[in-house]
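For reference, chains read A, B, C and D in written order, and residue numbers begin at 1 within each chain.
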Amino acid sequence: MKKLMNDPAHYVDEALDGLTLAHPSLMRDGSAGRVIRRAEATRKGKVGIVSGGGSGHLPLFCGYVGQGLLDTCSIGNVFEGPNVDSCMEAIRLADGGQGILRLYGNYGGDRMNFDIAGEMLEDEGIRCTTVLGTDDIASGGPDEIERRRGVAGLIYAYKCAGAAAEAGAHLEEVTRLAAKAVAMTRTIGVGLAACRLPSAARPSFELGENEIEMGIGIHGEPGIWRDTLRPSDAVADEMVERLLADLPPSGAEVSVLVNGLGATPLEELFILFRRVHKKLAEAGLRVVMPLIGNYVTSMEMQGASVSLFHLDEELKRLLLAPAECPFWRVG
Amino acid sequence: MKKLMNDPAHYVDEALDGLTLAHPSLMRDGSAGRVIRRAEATRKGKVGIVSGGGSGHLPLFCGYVGQGLLDTCSIGNVFEGPNVDSCMEAIRLADGGQGILRLYGNYGGDRMNFDIAGEMLEDEGIRCTTVLGTDDIASGGPDEIERRRGVAGLIYAYKCAGAAAEAGAHLEEVTRLAAKAVAMTRTIGVGLAACRLPSAARPSFELGENEIEMGIGIHGEPGIWRDTLRPSDAVADEMVERLLADLPPSGAEVSVLVNGLGATPLEELFILFRRVHKKLAEAGLRVVMPLIGNYVTSMEMQGASVSLFHLDEELKRLLLAPAECPFWRVG
Amino acid sequence: MELTVEQIAEGVRRANHAMVDLEQALNAADAKLGDGDTGSMLVRVIGGMAAAAPKTATSVSEAFGKLARAGMSATGSSLGTLFAGAMLLLAKQTKDRSVDWADLSALVGAARDGMMARGGAKLGDKTVLDMMDALAAALEGKTDAAQAGKAGVDAAERTLEAYRDRPCKMGRAKFFSEKSVGLDDPGMLAFAGLVRALATAK
Amino acid sequence: MELTVEQIAEGVRRANHAMVDLEQALNAADAKLGDGDTGSMLVRVIGGMAAAAPKTATSVSEAFGKLARAGMSATGSSLGTLFAGAMLLLAKQTKDRSVDWADLSALVGAARDGMMARGGAKLGDKTVLDMMDALAAALEGKTDAAQAGKAGVDAAERTLEAYRDRPCKMGRAKFFSEKSVGLDDPGMLAFAGLVRALATAK
């Protein structure tokens, strides 16, 4: 597995240089350039939304900095949490005087670094709350949601928190809505082939010609269980069944994210979505604003994830509110 | 190499079902459902822009149907030209009484089918012109441009022709501008790994761990010459040099499309763009509206192409004019 | 001897049957320098032709017309389009008349010329046209299926052989003229395989 | 015997040197059930520590402080953050005092407790913590580098062995408790490799 890169040690910084060159709405900031923030100044009086995470997932995380989404994002090396400095800087740069929501995925490294950053900033009097993405149903039972990993569904929480903050909601309200969005989101992934870290000699795992991994994460880690390659429809059916079993619908509307992990042709994502849509319709669910594409990747991993976001009026309004970043525009 | 699909015979139709379900601005039409058209009715009094081509390249071709871009698109099987019926239907459905520009890539099958369609429509009195994408510099010398394949740069011609038609230009003018856009666009591709057709037993070619293909097309065909894997910067330098040698800049502005062929992480496209941008700056060229992402793919092929679109005032205005389709929004 | 609708239908049946074995080999031959779809495309084209029930036609011309329409709707690839276009031409050429095996050489020649006009290739470019040209020559003076079959198979083998070490000048592989030396052209290979199938009962 | 700044700096040098051989093995161990970056991450962390010139520190505490800051800025991964956090804790614990090799056991124990508080893992979860716990015990009563080195290496080997067939309960691999049986934890493996390097002049 080859990579089109220079020195692996510069992979992240070179990618960020290209990203900000291509998208002037994004700027590198922070002592090591490991914060992406909106190019325009922080808006005073607005709750700041900060995320962070490792690299290798573009457009996640930092690609979602923009109007109605994130204010800043701290950036780690490939598949490593962002360091303490970048977390501190991301928080400071998002500070508009109304407090900060830290909204990121449930991973040990990320948590420790955001926690330490928070402790170090205590003196500065920036109020911070935390909501963790925990949408991956494969990584823990329904009774241990706090154990679950955050994967593609995190962007629904971005969208809702961002919309609320943009509309002037205060920190407690933004936090409540982000937590509600996470609580209403479920994701499951399937992997067909692994990816390779820039500094690693080999792909992160090997799969036989007829094997797939179910319950895959977004870091090249293997799936929770291995299965045989089946028709896309059968895979879709299993995914939707598991998702609906984990969080039975309470309303009649869901948004669906059929997300490519990096190397899955759009054609195949649409084939998958077609069946997901059918299964949801059979379950009496109406699909609102389906998202099909590479929203959260794992470099060149082959596979896809399906996320369901169960909507009520409040969440639907936030989901449909205008937003704009280089990789996602709503309204 | 695995594919997340059902019966290969249904690959294209299932993907189109998913595409139109996800994007209600697009509709399947034609006797076999192999035309994508804008959901709203054809606008009378506007020149129609019709494209067509094989499947396996999404967002190309049919993903670019939309405001300020294409009106209709005929759709072939994976890597096969669209058949005569779909070409005829696409032309009829785009007819707003002001004539049709047929704008597609320079491939034998596509040409024959659009030609036959044109002959069969002669009685119906729809005026048709043709402009062929021929941007791939690897597939012919500068003295035999009519031999060259059309690859990713075709979207620049879509954009310019679409903007002109939207603004009310007549057929001759739209045709002139499309031809001018093609004449000002140059592309070169690099491949790191091949793709697999849904119905094929094997990937279309094999590359050693240290080999790359330069001058790659978008159909899984091998590159024109084989090279050893080098740092991304060296690849970028070679690409830009070749592109500028083929069409020396006459103005000071270019648009750049750094296009992923399917399985190249966005990170790596940005790393490539960073260097391309630097080389262009060194050549005294200012980059306008850079496009970085998967705009024209070859299923899960790993690699990228770089396109340069040399701008003058007229072309720049058309490039920056508002446009909107599910995969590209300008303005 | 007269060329009958039944013989055409039987030919399609044999060709369709032969594609099962030919598919991946033709894909692989096309993948060498092209896009690797020749075999799967022909499976669809010939499958469509078989499904079009040429047997039910009331004339040779109508049978060819059915095949042409089925082929046209099954693909837009170079080879498939040329192939279906040739059938359309045969339908026109045989309109309102009976056809004899002795006419076949001239008909294949006419198809060849039509394909040349449509696709812009020349004889010697190492395409399916060169195969048709050889076939037209070989069929000259053959008056029944058995003679035509034997002559056709011989000509196909000979032509593959003769062209193998020449450079390709048309189709996707034209960008690799030099590399194409030593490789069979997938269109020629397909045609040879089909001629062999037509000549052999199964 | 006193623990000196020079000894710390020499330890960093040895560890940095050892990473050349350890990198891909640790990546591979982490790739089994995690994200495959343990080795490359540590190369960066320890490389950063070496570049921070601990030798130039005027006290043991300052040396640990330099290492902590270098580690913190090099990564945000679980292991790296815990590792750097431990250094910070050591810097605090050794502030304004001289340190003896005999104190090391207690210091490693304090680092272990700090990491436990930070990362939320428990002893027995099959993480680097279990390695540190074993090391703290083994260092008890050891009064110089030679004794400490030997005891440390023995303890590391023993602990790897003891945990190999137990299930992992923390870190990315916790989702694969059962599969982790029979596999070394990458954090423990890293720690063992580094202890070995520290104990061996090169």
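In this section, a contact is a pair of C-beta atoms (placed from the backbone, for glycine too) under 8 Å apart; a residue touches a chain by one contact, two chains touch by 3 or more.
Treat the numbers as computed from the prediction; the structure is a model and nothing was measured.
Q: Where the contacts of chain A and chain C overlap, which chains show up?
A: The common neighbours are B.
Q: For chain B and chain C, let me know how many angstrom lie between their CA-based centres, rounded off.
A: Result: the chain centres lie 31 Å from each other.
Q: Using CA atom averages as chain centres, what separation in Å is found between chain C and chain D?
A: It comes to 72 Å between the two C-alpha centres.
Q: Distance between chain A and chain B based on Cα centroids, please, to the nearest Å.
A: Each chain reduced to its C-alpha mean, chain A and chain B end up 30 Å apart.
Q: Between chain B and chain D, tell me the centre distance in angstrom, where each centre is the average of that chain's C-alpha atoms.
A: Distance between chain centres: 53 Å.
Q: Which chain D residues touch at least two other chains?
A: none
Q: What residues in chain A touch two or more of the other chains?
A: none
Q: Applying that definition of touch, give me each pair of chains that meets it.
A: Every pair of chains meeting the touch criterion: A-B, A-D, B-C.
Q: Using the touch definition up top, name the residues of chain B that touch chain C in the complex.
A: Interface residues on chain B, with respect to chain C: 8-9, 32, 54, 74, 76-87, 107-110, 112-113, 115-116, 138-140, 147, 149, 197, 199-202, 204-205, 217, 219-222, 224.
Q: Quick check: in the complex, which residue numbers of chain C touch chain B?
A: Residues of chain C touching chain B: 23-24, 27-28, 31-37, 40-41, 43-44, 72-82, 85, 118-120, 170-172, 174-176.
Q: Per the contact definition, I'd like the list of chain A residues that touch chain B in the complex.
A: Listed in rising order, the residues are 1-7, 11-12, 14-19, 21-22, 55-56, 58-59, 63, 190, 192-193, 195, 207, 209, 212, 229, 231-233, 235, 262-274, 277, 290, 292, 294, 297, 299-300, 302-304, 329.
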